[in-house]
Amino acid sequence: MFMHNKRLQYTVRVSEPNPVLGSFMLEQFGGPDGELAAAMRYFTQGLGEDDPGRKDMLLDIATEELSHLEVIGSIVAMLNKGAKAQISEGSMKEAELYLSLTKGGNSHTQSLLYGGGPALTNSSGVPWTAAYIDSRGDPTCDLRSNIAAESRAKIVYERLINLTDDPGIKDALGFLMTREIAHQKSFEKALYAIADNFPPGKLPGLKPFADTYVNTSQGGVEQNGPWNSGKQWDRVDDLEAALPADGGDGDATVQLSSIDTTALKALATRTMSQQGGDPKTGADLGAGPGAGKVTDGDKGGAEDMDEAEAMAKKRTAA
Amino acid sequence: MFMHNKRLQYTVRVSEPNPVLGSFMLEQFGGPDGELAAAMRYFTQGLGEDDPGRKDMLLDIATEELSHLEVIGSIVAMLNKGAKAQISEGSMKEAELYLSLTKGGNSHTQSLLYGGGPALTNSSGVPWTAAYIDSRGDPTCDLRSNIAAESRAKIVYERLINLTDDPGIKDALGFLMTREIAHQKSFEKALYAIADNFPPGKLPGLKPFADTYVNTSQGGVEQNGPWNSGKQWDRVDDLEAALPADGGDGDATVQLSSIDTTALKALATRTMSQQGGDPKTGADLGAGPGAGKVTDGDKGGAEDMDEAEAMAKKRTAA
Amino acid sequence: MFMHNKRLQYTVRVSEPNPVLGSFMLEQFGGPDGELAAAMRYFTQGLGEDDPGRKDMLLDIATEELSHLEVIGSIVAMLNKGAKAQISEGSMKEAELYLSLTKGGNSHTQSLLYGGGPALTNSSGVPWTAAYIDSRGDPTCDLRSNIAAESRAKIVYERLINLTDDPGIKDALGFLMTREIAHQKSFEKALYAIADNFPPGKLPGLKPFADTYVNTSQGGVEQNGPWNSGKQWDRVDDLEAALPADGGDGDATVQLSSIDTTALKALATRTMSQQGGDPKTGADLGAGPGAGKVTDGDKGGAEDMDEAEAMAKKRTAA
Amino acid sequence: MFMHNKRLQYTVRVSEPNPVLGSFMLEQFGGPDGELAAAMRYFTQGLGEDDPGRKDMLLDIATEELSHLEVIGSIVAMLNKGAKAQISEGSMKEAELYLSLTKGGNSHTQSLLYGGGPALTNSSGVPWTAAYIDSRGDPTCDLRSNIAAESRAKIVYERLINLTDDPGIKDALGFLMTREIAHQKSFEKALYAIADNFPPGKLPGLKPFADTYVNTSQGGVEQNGPWNSGKQWDRVDDLEAALPADGGDGDATVQLSSIDTTALKALATRTMSQQGGDPKTGADLGAGPGAGKVTDGDKGGAEDMDEAEAMAKKRTAA
Amino acid sequence: MFMHNKRLQYTVRVSEPNPVLGSFMLEQFGGPDGELAAAMRYFTQGLGEDDPGRKDMLLDIATEELSHLEVIGSIVAMLNKGAKAQISEGSMKEAELYLSLTKGGNSHTQSLLYGGGPALTNSSGVPWTAAYIDSRGDPTCDLRSNIAAESRAKIVYERLINLTDDPGIKDALGFLMTREIAHQKSFEKALYAIADNFPPGKLPGLKPFADTYVNTSQGGVEQNGPWNSGKQWDRVDDLEAALPADGGDGDATVQLSSIDTTALKALATRTMSQQGGDPKTGADLGAGPGAGKVTDGDKGGAEDMDEAEAMAKKRTAA
Amino acid sequence: MFMHNKRLQYTVRVSEPNPVLGSFMLEQFGGPDGELAAAMRYFTQGLGEDDPGRKDMLLDIATEELSHLEVIGSIVAMLNKGAKAQISEGSMKEAELYLSLTKGGNSHTQSLLYGGGPALTNSSGVPWTAAYIDSRGDPTCDLRSNIAAESRAKIVYERLINLTDDPGIKDALGFLMTREIAHQKSFEKALYAIADNFPPGKLPGLKPFADTYVNTSQGGVEQNGPWNSGKQWDRVDDLEAALPADGGDGDATVQLSSIDTTALKALATRTMSQQGGDPKTGADLGAGPGAGKVTDGDKGGAEDMDEAEAMAKKRTAA
């Protein structure tokens, strides 16, 4: 069961309202790497986890992330406090209010729709979605996902810190950023406390494909690194020769029943392309005296775009 | 620039059509850990990457994932080939067709809406969304996200393999699963080839909070592990005493201008709650002779639910 | 700050695993009226609320809803516990596992993608979205939204109770359903403790339009009720005569600058329809010997559909 | 069947084009409380309603909301009329056009993607989704949801009125705002014309939980109001003592078959955490000479953030 | 199988970084008519297509669209290259960085969340969704959808060209725009190479309804064109007389079993509206001394809105 | 302004309730090609259209589509009428009700969440989204999009007709399908009444790229058709030789300021990969005694999958 203490985990001291900055802060409230995503990621994993140690850790951290959601949301609320009152009371001139809402971010939506309260959207106004959560119910996957999520959250906090010089906000963001580092460490320890954690899951890989590096992007200088060279790797450079990987014919086939085969033939006959000829098309009908034309430049380029614009003007004038 | 060879990277041999199984396979076509997600994750990172080695690796693997998208999509197409023809030609009796579409998965939508072609949805019919992609433009984050994504994809393939006994499908899925293992290895090598990769980004953490474990979930047996105990960790068990972490008052504050303060006071006055009293409410109005009642059982429980149902029946009968 | 006790607010005793029932229960975990929606609705309102009494109430109830999220999620976890183990360990025959996943709900996605853990989706697998949350930052709106949300949550629990005969689940659902009733009462009290709560907000309505009922759906028997008749209401039955409501010309106009007017004229000229004539179209091109045909039946009807199907068969055969 | 008269329900007179203001107006066209949401909410309820009186009312109001959708959409079209022509004809210099599109709201998307036509998005460009609609098929829920929806729509119109000083737009918005008040009244009358409307649905609540207020948010001054005090309420302040509410053990349990138990044990063994020890982790590997460092300040704070930034700079320079 | 050459299909030369312009370009990267949408539209159709000629064409064009995705993504990457470095290194003053991110488009999200890399969103930050793809598995539909999609993509490129005067960007956009024209031509040829392509699919239409034009929008001047007049069309102007089209009673009916009928009656009784009377409502309770008031103006209008605002101010003052 | 007549445009006679069939019908209610999509597509175009003839046509057809939305929604309501009553009244045994909800489609969500009323989702329960609407504000695009949309809607109706043998439903669906044919004809006429409708918009294409067919998918038999061969087309088969199309170097470049260059160098240095060596990785740490293993088979294949499963079992047992 959850309980709540009215004090924040970290004191929030904001110098002055600033709805645009508030809308940037939403990135960590209702954005993909924000605190709701973190809390729900660990909470759903915790509910499904049977191992008592990992379950406890997941619920500890999920609960702390909820407390962080409260901290970042309180920053947003403080930054919007003036806008909220002004839009509620209509006490500014329309023109002033309008100007204050057209400065950037999604602060206009924040004010118009959410009335200045913290909304579970990212900084562009996209509503939070559980599609952000990638819990899969296997600890060797989920812990890796958590490690990655903490590292992303750390970076977004770093970017927010780079953006503001309000010392109280910088303080609180520094606290939140550092806690993500601590959480990443915990998840790393939990992953490596599982002896056999790679590859994740239970089925081992198939030998012929597990150490092959397929060099599908070619041309220009080949770049090497430990990810594609060294004794571990079998590297495939001649793609055509190695295609398909199983030595078959590279086709997709299925065995159909006779009833399916009959229907398929009827379908093929009905939608067959006529052989040869050059059918008249809707585009042929629609390419009027000017419209079907192209510019004469012998290669595409900015001059041709100018020429194209001139021709387009002629087309309108005509 | 991309090019394409008509042969698949791995030959697809399907024993017989099975739209429900086809709809399960969509999990790796248009699902969150599917091949489009993988391809687009690495492709968008590659476009934004300036390091030539990592850029090449990202485009190599992105291109291979597109080839995997083609393999899994071809499996789906084969599994749906019969249904596609039948629904196009209307050559089955309605009842038979209806029965064939009500068996599970989202195979009905697959047939009705997508006509049996592979659709970029997961196995429940949820359209693929770029919200699944978590590229952040920092290699020490993105490589961790890629490692996690590969581990998730591996598990979902493992689960699909556990589900079918068609040997041709099992083969192709085994190939695809193993390639995810190889890709995870490449991303691991690329991450650890960056000397200072932890914490990700540039700003270091703040010492007082970087090694603290906050034990927010208490009650019952405390579970310990390397994630919360050992000499690295400062553990906080007495939450109230440590609240807030900065030693402040735990409140959120902002300095308002006088014009904002005036508007805020007007707002407070206008929406003030009346002190004391017990206002009559809409629910009070609506709690009719039977509706507001509750069951008498002295604790909630199945018997009370039975009693509740009996009372509900009476309420209808009355 | 949030804290957590490992005991649930209500004990969960499930008789036996049942993933399909588990997938139904998701409606109140990650569905639109589920507990996450409730918790986040009140939490975001609480953060933005300045009135200390309402803020406290909102955080009290938000915190309790998080505890309910834990209860319903634990029910889901218990119902999936067997499926989770089976799919992880691959210890069933493929055919058995396949059969167990094709029985209904979105239990196949639950198992394949989420590995049997509770996922923040509704019972059809649609990920939770903050688009469900309708906090607007005005207490006379938000409290009404909360009242409505509690009443919806009550109904969905009632429907779930009607669906299962597992006594432990029925118990817990009865508890959760009843708490929604209690919460609705609290929100009702809070709304009516605001003296002037109707109309919401600050601007009064315009007299000529505030008591008018516009009878836009006509034909057949007119139905009356206190919502459209009685001395309060001015009813508009002759729509044409009353159109537009302001006595103007009912057109939309804007004053354009000369530069805009010039561009608009060019646009109009360029995209003008040719007067008269019957232009040949792409459909005319495509209406082949059989395709453009229609059936001869003198009215649409089931016999004509049969005729249509016969003609369609001829078309394929040809 | 629907019919349409080309005149608007209210005349729209716009003073001059203003795409940014147009993009704000979209909040009531394609936003969550906008007119499409209203029309579809009542229309879907009306189709499912069997009571002839309520059905008629729902279709009356749904039809009027469609007419309002036309009014607000016409305002948007007028505000964008100049931008539409300019972007179509390319008759402005690029720089001028660019400047005109970077002023705020989502007016750039409006012009680029929608060509200046009204789009079914909110003011941040988020496409309208049926997830906004909360019809549940029970009149005592749905009418409450409608009451709440009308109150929200009223507020958003009020905020838009506060934002513009164009008298023609102010007029039309005033009309639309007032009609929401009238509709709320109709829905209130319809709700209270149902004798027993609380609690909604049929099942009564369970007595032990229906009048309990759980004080989950504590610390600081306790705030009281009619929502948690007075003779109606049993208040729980000692949360631990009252946990769980049913007097059980607060655990979640399920009875597993032996086959499930076996699989579960295998899973537990395979993913067990090693007891004791401090496993080396990926983060340990990645904490290079500088990266793993933290700042020395004895508490987090703005000075420490400055120190952190200095150290971060050193880390780059090194 | 896909392969990749590191050279772009068209050289990208950008004059200088401009994140706002970069965010506009996203419309063709991750927007609804962008290159990912195009590539995936043709790729999914190609996988499901059995006709070898059309399949080859679809994969040819899908592959080229992936190459275009790379070109437009590279433009975005170049336009963001400076912002990416600045936000990563934190080497600008906070205020400068803040100012550079508040200029328009969703460039702030681009920088904060995506770190300056090209993201699969549109220019407002809405993540790409497979809901944009309308492949239906019937070639006479899908080719029409492709023709339409190419025409839309052409227009959005035209609008982007009108927006920038960077010659290198204009060049590359001109190339991409022209390729959409070429692709539209190919799809037109493929459609009209199918002899019977209208109506699409197999079932012919029903004669009584296939040439009827229903004039549902009336009032004012009737506008005629080849779409509703000429000898092909039977036009219905008297809607009431022609209602319903089948000559029935225009009602919806279903035959219920007795068990359903009983349940339906119970439902009707339970939720019946009370006949007559004027029930007191929540709004009646909430219309306080000032709140329920309306302004006295005899018609809505700007003056009344002024009056309304005056009254609203009084309501606060009181 | 919209008005409504209570009679349907086509009489709906349903033989008996069938919630699963009702859930299939939702494809044309709240699905991507359904009637709401159609109505909103034409309505938004009509509001933005300045040409009076096309505007009238768009509003005529939009209004008729709303009437079709009512017809298909009424079919859904009739098919759910029994389920609605049963779930509301709880008058069936739980087991029976449960069985009736697990038969297919999303009928369980329909009942649980929407209470049997028609919901604006597709047949898999995905909420309708305005992302389905592709109006772009240019008539030569929008009319093509409308033509394509009508052709898709026609096909989905055809598939639904093939699925049911209820004659009343077949009748109504036949009517709706035929009206889509008629609408397509109107839009075709309107498109070709614009003299110059190809290419759409105003800018002509660039000659060197407008008739080129790029043969990107090679290998196996080349397939020809009027879309890539004939005198119109310049075909590129040697992709490498023609790369890039503009004769440049195929690179992406941008001119950076010195301040950006400095930041970029710092970023490159900080995130550089170590040259040479084979860094130890997290996967190396995690590849325990069994986990890192692969099967020995010399090619992937079903036997190898069997071997893999055997090894996996051993790994658990160990």
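General remarks:
Lettered A, B, C, D, E and F in written order, each chain numbered from 1.
Here is the rule we use: a contact is a pair of C-beta atoms (placed from the backbone, for glycine too) under 8 Å apart; a residue touches a chain by one contact, two chains touch by 3 or more.
Given the structure is predicted, the values throughout are model-derived calculations rather than measurements.
Listing every chain that touches chain C and chain D alike gives A, B, E, F. Think of chain A turning onto chain E: fitted on CA atoms, that turn is 120 degrees, to the nearest 5. Where the sister copies chain A and chain F meet, the same residue numbers recur on both sides for over half of the interface positions. Each of A-B and D-E has its own count of C-beta contacts, and the greater count is at A-B. Put simply, the chain farthest from chain E by mean CA position is B. Comparing the centres of all chains, each the average of its CA atoms, the largest separation from chain F belongs to D. Here the spacing of chain B and chain F, counted between their Cα centres, is 20 Å. Rounded to a whole number, the gap between the C-alpha centres of chain A and chain C is 25 angstrom.
Shared interface positions of chain F, defined as residues touching 2 or more other chains, are 1-10, 32-33, 50, 53-54, 56, 59-60, 62-64, 67, 74, 77, 81, 84, 88-90, 92, 103-104, 113, 115, 121, 124-127, 129, 131, 136, 138, 140, 147, 155-156, 158, 161, 171, 174-175, 178, 184-185, 189-196, 198-199, 201-203, 205-206, 209-210, 216-217, 219, 225-226, 232, 239-240, 243-246, 250, 264, 266-267, 270, 273, 277-283, 285, 294, 300-301, 304-305, 308-309, 312, 315-316. Residues of chain B that touch chain E in their complex: 1-9, 30, 36, 40, 43-45, 47-50, 56, 59-60, 62-64, 66-67, 69-70, 73-74, 76-77, 80-81, 84, 88-90, 113-121, 127-131, 133, 135-138, 201-203, 266, 269-270, 279-282, 285, 315-317.
Against chain E, in their complex, chain F makes its touches with residues 5-17, 32-33, 52-57, 59-64, 67, 74-75, 77-79, 81-82, 84-86, 88-89, 91-92, 126, 129, 131-132, 134, 136, 138, 140-141, 144-145, 147-149, 151-152, 154-156, 158, 161, 171, 174-175, 177-179, 181-182, 184-187, 189-190, 192-193, 198-203, 205-206, 209-217, 221-228, 232, 239-240, 243-246, 248-257, 259-260, 262-264, 266-267, 270.
Taken together, the chain B residues at the contact with chain C in this complex read 20-21, 24, 27, 31-33, 89-90, 103-105, 122-126, 155-156, 158-165, 216-220, 239, 243-244, 250, 264, 267-268, 270-274, 277-284, 294, 300-302, 304-305, 308. Residues of chain A that touch chain D in their complex: 1-7, 10, 50-51, 53-54, 87, 90, 92-95, 97-98, 101-104, 106, 108-109, 111-113, 115, 121, 124-127, 138-140, 147, 161, 167-168, 170-171, 174-175, 178, 184-185, 188-196, 202, 309, 312, 316. On the chain D side of its complex with chain B, the touching residues are 140, 191-192, 194-199, 202-210, 219, 225-226, 230, 232, 240, 245-247, 273, 277-279, 282-283, 285-301, 304-305, 308-309, 311-312, 315-316.
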